[in-house]
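Both complexes shown next keep subunit A, but they swap its partner, so subunit B is in the first and subunit C is in the second.
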Partner chain A sequence: MEHGLSQKAVEIARPFGFPVTNSMVVMWIVAIALILFAQNATRTMKQVPDGPQNLLEWLIEGLYRFLEGVIGHHLVERTFWFFGSVFIFILAANWFGLIPGVGSIGWGHVTAAGFQLDVPLFRGANADVNMTLAMALVFFACWIVWALQEIGLKGFFKELFAPKSESAGPMRVLMIVVFFAAGCLEVISILFRPVSLSFRLYGNIFAGETMLETMARVPHVGWLVQIPFYFLELLVGLVQALVFMLLTAVFTLLICQHHEEGPATAHD
Partner chain B sequence: MGGNVHVGLAALGAALAVGWIGAKASEAVGRNPGSATSVMVQSILAIAFAEAIVFYALFLVK
Partner chain C sequence: MNVLAVTVESSGGGRVEEIARTFGVDWPHLAAQVVSFSIVCALLYWFAYKPVLRMLEERRRQIAQGLANTEKINAALAAIETQRREIMTAARTEAARLIEEARGVARRVKEQETQRAVAAAEQLVLKAREAAAREHTRMLTELRGEVGRLVVTTAAAVTGKILTADDQRRLAEEAARQLT
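What follows is the complex of A and B.
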């Protein structure tokens, strides 16, 4: 490995021929911790919550209200399970990646210049493009299912390709051609969404880890110059979780929002 | 000098665009704080589209 953080997650073990990378370890730890926390918080539910139950209710209710304001009451009821989990998981994974020891504990060798870490035991889960791409693809599949359930196959294609303005005569023909061409562009941009979603999250988290590592290498004062960047990374972790959730939510809203207008136009 | 100049240019353009959108969104919220949520949704969408330019450029890296 050249100096700095490797772009890929590194394989640390291969039990039964199944490769386990260091970012997978972090992903499992975060997922198990979240599951245990949720179970612990909801084991004895109280009317007036305190402790973990209070924290969880505050988080879930806050997210729910916020999303309800963005995508509406009907959609949030159906899709909150996805957006809520994705937000909490990304946030937890991003912040877990900032704990000292992630990326600095592992196997290495001693060189003349000091100890050189080759294979870190932990790596931020979202600093691995496989993780972010998996989440983006899961969203993409959900998006298609939600769209088909909300507006149907006909409505889906109508939303993409059909002219959205009322006109008659030769203008109408022109409009059909123009909106069909625009629909083709729209399809390309939709197909690109999983790529940009996954690269945005991966790029931000990976860049943040690289920056922290570079700062740590500053001679003598590395421990000091890191500190402001740790605060920046706390913020970036929150913002990126919010951006991922909001973008996926808005994409869902964009394809499903004509649901209420559907019956009204069917009458005339 | 090595590397891919077009990625740098795309990053420059995307950074300018994101900054511009953010500035305008903050301005809009300052004028009308009640519209904060809808302005944020619009601006995050616009920022996502501006940002996507860098990813298009990244795919053209030789």
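What follows is the complex of A and C.
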């Protein structure tokens, strides 16, 4: 029996032979909640917004303007659906994972020390590498498509391997070799981006949940010790959503910036 | 099948597989999460981004149109103000001209009326003089007759003789001649 929070999501059901894990349950709950909220907020759009429409407009407009300042007007028009969804979903999933009951309700057995939880019904969606890796892979696929659409196949390889400076003679040959080697390193770096993106998010969220669970085990005052860390985790949830979104946005800008005007001029 | 094990089969595939197994990464769950996340993106685009961004664009367009209309209204107001000033200036000029014209007309009417009154007064004076002359003549005539009778009466009383009609007529004429 594994003590403490498991490093991986646990299968809780297998309907029609498909394995459903506790993190998938949370993912679907968060997704359904977001969709219902969005549908409710935009059912009857008003010129003067109020209630849910006001909140949704504030969130989307704020994100849009923020991303427009980072990657420019042209790119944000094309890619906002992804970056907006990534931020909103990661933030919602991270904060949902802090609701009491997530990780503490489930199946277990009674021991001499009390009830021992074996299989939690819910697990933070981003405390599962499958989820974070899925988002990173979707981004990776989108990144390739956007790059090819913006600079084409030739431009894509030129961006990776071609010398960036003007030179002639032996210096040019040297620059070609150097930039080709740098391009090979860049390709490896790009291939590892999904791994770094997914493990960064997973590591932060899993560490937060583990810390909260450890605090809860402090005798008598566990509930009290947890409280400041809950606020810390609220902040971590926001920061990690922002980091994931910003990193993916910057990766996109880096490959598309030769065709996309810089953010400063994109406003003009 | 393990995802990471497939991608890095050639070098250290076993370690990668072990890592993947440790973190529970496998194709069914990964594919399910990819599909789920893609669906979330699509539904958020359909229910959130599309209507909200359309509304924001519509609002931005209306604000721009409102500002443009405000500029047009301001320009129209400025034109109306200029036109009002021009009309007021023209009205003042016209009023001054009318007042001057009215004064001229009044002056002419006054002169005409004065001349008419003077003429009427002169006419009255002339008529009065004529009447006075006629009265004077009548009175002189009556006086002559009366004086003649008195002279005849006085002469008869002084002389003590009875005057003939011829004497009386001659005395009366003499007295009248003396009075003229």
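The rule is simple: the second predicted complex is superposed on the first by the 259 of 268 C-alpha atoms of A that agree within 3 Å, B and C clash if a C-alpha of one lies under 4 Å from a C-alpha of the other, contacts with A are read in each partner's own complex, and residues count from 1 in each chain.
Basically, a contact is a pair of C-beta atoms (placed from the backbone, for glycine too) under 8 Å apart; a residue touches a chain by one contact, two chains touch by 3 or more.
Keep in mind that this is a model prediction, so the values were computed, not measured.
Judged by the touch definition given at the top, the superposed model places A:Ala207 against neither subunit B nor subunit C. Legend: residue contacts after superposition of the two complexes on their common chain; A:Leu238 is shown touching neither subunit B nor subunit C. In the overlay built on the shared chain, the residue A:Leu160 is in contact with neither subunit B nor subunit C. In the superposed model, A:Gln39 lies in contact with subunit C only, and not with subunit B.
In the superposition on chain A, no contact is made by A:Ile176 with either subunit B or subunit C.
Legend: residue contacts after superposition of the two complexes on their common chain; A:Leu121 is shown touching neither subunit B nor subunit C.
In the superposition on chain A, contact of A:Met131 is made with subunit C only, not with subunit B. Contacts of A:Ser196 after superposition on the shared chain: subunit B is touched, whereas subunit C is not.
Residue contacts after overlaying the shared chain place A:Ile29 against neither subunit B nor subunit C. When subunit A is checked against subunit B and against subunit C, the one touching more of its residues turns out to be C. Contact residues on subunit B toward subunit A in their complex (touch as defined above): 37, 40-41, 44-45, 48, 51-52, 55-56, 58. On subunit A, the positions that touch subunit C within their shared complex are 7-9, 18-19, 21, 24, 27-28, 31, 34-35, 38-39, 41-42, 45, 47, 49, 56-57, 60-61, 64, 80-82, 84-85, 88-89, 128-131, 133-135, 137-138, 202.
Those residues of subunit A that touch subunit B in the shared complex are 66, 69-70, 189, 192, 195-196, 199-200, 243, 246-247, 250. Within the complex, the subunit C residues that touch subunit A are 3, 22-26, 28-30, 32-34, 36-41, 43-45, 47-49, 51-53, 55-56, 58-59, 62.
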